[in-house]
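Heads up, the thing below is written out as structure tokens.
Chain naming follows the written order as A, B, C, D and E, and within any one chain the residues start at number 1.
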């Protein structure tokens, strides 16, 4: 039976059909964090997004698609997320071993673009035939043509929800509308979380943010109301508040590989700020496997409150 | 990770897509028998098939749809199977708590029919929106118009497999082509299992059979080749052999309520004959809840080999 | 805000989408019984089902379709139910005045049939364009080809639920499988309620039943378990129990016109047995308008407990 | 490159699209008879058509679906034909090892029927997803409702040809229109071959015939024109002539298991009469495997002319 | 029966249906390299891509579409790939003689474009009616609007896989995002292989690469991790690694016509680096036929290891 916390989280999504609730529950009930309402998800789309060598050369086992799903299973992640090719490469052989999230769109870096736009690279039919519990889609708030992304997400979300799937929205501010600092500014990150929630995402993935406030109108408000944003924990709290006051699952990505202590401290801030967990790609698969397993294990202990 | 036995069973279904494999794995990996390759499933379609009082008066808690799914969850069944109304009554509140099997067709007894035919009462779309892992369909081999049933099953099976669902075929010989004894005759039961397998069912549900051999041509063969059919174990073995030599999951239903010792002895015969388990409705929900939980627990111990 | 009772009733339908919940709520929140969880609904399909003179000659105002909707509005009914023509005749002029239920199938009496089958006379699209909150469909359990009715209902129900409509199932046992007494026998009526619930109906309409028990197998059970069926209140209670233990809305029709005291006593029995109300056609519109208004008002007082 | 004989045979089907030609070529170019224009095909639908024990007890290895496809591959058959379940059980594991023919309809013997009708048990979509080169369908000329069969075949044939598949028609006269002897009468068999050809079958499967002439009008003609029908070779020749004068591939089934010499002599008659080969089920899989391999090898030698 | 190597390769594609596996097996099992897991494929789309004279004047036999398919058959290639017109010109006459790959999109050079985009010139229906085993599609990573290409490929891939076809992705970096040298830079080529694999391609065709590293971020990684890229063999190895660590079939095209020794040395590097073979167009059909046959024969010997 579901824990009280899982039941509480599911109660936020009562407008969804039981199929979608079931798939959200599968994410909540798998792995070492099962039942806690917390998440550690392994996403591996960097091969597409950054290229293979930049992604896998630091730990060449990762060129092999089986490496990642095995890492996610063995470490006890809630789910494994990847583009079509990586999912197809493992879905049959690991059927039932871990919830899968199919990334529906992807973007490469073979153009130097101010306003990047991903391409749809798989479909709801693919998610069903491959046994996925959820689909993922990346929006780039801040780009000139973001409305195409929002509209593409809208159509896919409708279809996914009819089919009983969950929808994970990667909300990554970028583009000509923002300064480089603005991409991770607290106001923009909070805005990104709100957008993803308003677009109907069940799980929302944002980056950790900085103290930077990008938009002038926002700045006035943050100052007027003294919104606390000076610590990472403060900012996580504000982002969670911005995603329906904690009534949507928001998980945070750490981005590029960094040292272990940084990753763990970020997790502490996420936990203490009421965040739902980490989606941790490069920081896990770019480490040697034993180190990755240890790091993921430690992360999970932090989320479970077994470690300060 | 899946156990070796689960992997072996999944290997029989390699022509299916990973979605279907995942849902078969979910059935194999849930409840007290998780990972053993054995099944105890709670089916409750008797309200439709026999009427409410005949089904639920012996234990009136069962009028309430929540009673059954809770019994299935608490006892540790692999799955709960029911028609649309009963599934709708619980799917949202128990999302993720137990694999659900939606019965797609049902038959009432408000006509005295020599050749009964069920009606389709729900759809693949329903199964997806309700978060089910499988759909179920009953065929009546031996009826005059069985070909309509086979064809309806064919269309639904194709659609289910495309959507990544598993298909459970209830194969219950009946109709003007058979004597009353013939309905559970060993030759007819083995034939029913074969038919369900050839029609593409992933899980097959048949009744336990008797020593009776119905068809003259079959009788000659059983005698000529000395096919052992004198004990229940022998007959289970023969039915399993008849369903692709053990390469399809065949589970057995006990039928009307009987005493505990009978039910347990039947389970022993199913186990010893290589059967995959029991689908046990009236014998569980028509008992008082504590007795039902005890019976189901004992059954599971028998299947796990913890009890002789 | 919805009353606690309305919230409780809506909680039984949590697998439905908010559109359907909203439309069930509209039925629960309209008229003099708003918020009580009780229903008095005016249905006028007798022009189709029995012919115009048999239906409207006793009170010729009823030939005019505006008569009925005005009666339903003025008396404070929860809803008005009718076939396509009657709904089209009033939907624009009374838009927003009362919840409308579109009867999707109808049957005339221009053939003397042992096994009647209705025709689909309107559609989900009609229900949407006419602003209806629900669709209605009549099944005849007990007829030889009832499976065609169940399958037609299945397809319409799926479509209605996707469109956020509520589904009302008129479950009227008839046909060659039943004796005349059997049509309203308690076992058969309880079975009819169960069937409608299993088929996914949100509201179920059955006739009041008699002490007659039609089916031999059922009779054994009613006797063995001493199921109380001697009073009308007992029988209402049993029917409510048979529709998911009170977790589906079941309303009762009185049938042909009878004297006021009978109608009121039936309502008392419905109320005391836990029934959800009356769907009362001929007993209202075949009376002169003032009498009808008075009768309906009294009925509502009974259901509100303002009258013994 | 195709042999001259293969090219000649393909030239008879020039109205078909290259996809269908390719799949006919695949049948012609596989196994020990590759390139000869001759066929030995292993069909195993008897589990469905006669029941498992009658089919597989004589050689219990055959309960296992892998047995048959391996026998067909190892013996060098042109193709393996079976219903959905048996094909699904092997298609992934033996992908590319032998051309597969999916039987689209099947008939069981659980009713004693004067006028049997099969059920459609799989589809063109199944044939494509399972990698089959052809679909098979059985008609029963002589039955009362044969037009339903012809019409079902028509629809499936159209769809198969659009998808580039070949169509194999099993044409087995039966039913209330014929005497028992008539089912294999030479006039009826020739008629059955003609019907299958006119219905658009690419490959036609008929039974070997007897000297019996069933129809009075036909009898007059056979006598008037002295059509030679006294030897099996004569009759094969006449059947081949009746299927577009040899411009359609007609293969013969031997039926129930018989002794080796009979089977071989029948093959000689088929060869000498210009037949295209044998479709040999029970006579192969009901023998012990080494005997079956030897028999099939000898048959192939006969068709290749390596043996008298 | 499939060789062990063929079985191993097929095991990488287990999420695909048996139809797709069968067609991949057909590619693996045809021609002189049958069973080795190696490929030499003849592609002739240059008439569309570069114009007829540039393509066929060097060896005018090639203006005739029959020339190419005959060359592919006679030389023992695994397959022949071409646009719709060339395939239609030969599919009927050579049905079954060689696996065909239908190029679904093509691009002409009648515009001087920085960011070329091909047009869809045929369909999955065409592939089926023409008897093709696979479809091919060209993406141009590096172009400004590459996402339209990825999305078109996504839709066609889904449809192809449902129909049991294999998908070949030509991944040719081009466009305003890249320098001329960058188009064949090792980092970009490896990225192109990764993209094609992530997009769900079964076979991937890339160009041989140079030591050039195009992207600054990549350069850092190649240097930091000392990825060996100095020899062609090194680079093939890295590209193979970049396509799921060798678990996707990657074949290499040589590009413009060059001298025989160069072609052979490239093949040696492909072989030694673990590449799966060559797709060799201009270097075969622009040579006189006897030279082309000799060259192709030598290539195949290299891939079989019969030649150093």
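In this text, a residue touches a chain if its C-beta (ideal position, glycine included) is under 8 Å from a C-beta of that chain, and two chains touch if they have at least 3 such contacts.
Treat the numbers as computed from the prediction; the structure is a model and nothing was measured.
Peer 1: Moving only between chains that touch, what is the shortest number of steps from chain C to chain E?
Peer 2: 2
Peer 1: Can you list every chain in contact with both chain B and chain C?
Peer 2: A
Peer 1: Write down the chain pair in D-E, B-D or A-B that repeats the interface of B-C; the criterion is over half of the contact pairs matching by residue number.
Peer 2: B-D
Peer 1: Rounded to the nearest 5 degrees, what is the angle of the rotation that puts chain D onto chain E, matching CA atoms?
Peer 2: Value: 180 degrees, nearest 5.
Peer 1: Taking the mean of the C-alpha atoms as each chain's centre, how many Å separate chain B from chain E?
Peer 2: The mean C-alpha positions of chain B and chain E differ by 49 Å.
Peer 1: Averaged over CA atoms, how far is the centre of chain A from the centre of chain E? Could you give it in whole Å?
Peer 2: 35
Peer 1: Quick one: chain A and chain D, Cα centre-to-centre, how many Å?
Peer 2: Chain centres of chain A and chain D, defined by C-alpha means, are spaced 57 Å apart.
Peer 1: For chain C, what residues touch not just one other chain but two or more?
Peer 2: 14-15, 162
Peer 1: So which chains actually touch one another? I want all the pairs, not just one.
Peer 2: According to the stated criterion, the contacting chain pairs are A-B, A-C, A-E, B-C, B-D, B-E, D-E.
Peer 1: Chain A touches which residues of chain C in the complex?
Peer 2: 14-15, 17-18, 162
Peer 1: Taking the touch rule as given, give the residues of chain B at its contact with chain C in the complex, in rising order.
Peer 2: 45, 47-48, 50-54, 57-58, 60, 63-65, 83-93, 106-112, 117-123, 125-126, 130
Peer 1: Which of the residues in chain C come into contact with chain B in the complex?
Peer 2: 12-16, 141-144, 146-151, 154-155, 158, 162, 173, 175-178, 187-188, 190-191, 193-195, 197-201, 215, 217-218, 221-222, 224-225, 227, 238, 241-242, 244-245, 247-248
Peer 1: Where on chain B is chain A touching in the complex?
Peer 2: For this pair, the touching residues of chain B are 1-2, 6, 10, 14, 17-26, 28-29, 73-74, 91-92, 95-97, 125, 128-132, 162-164.
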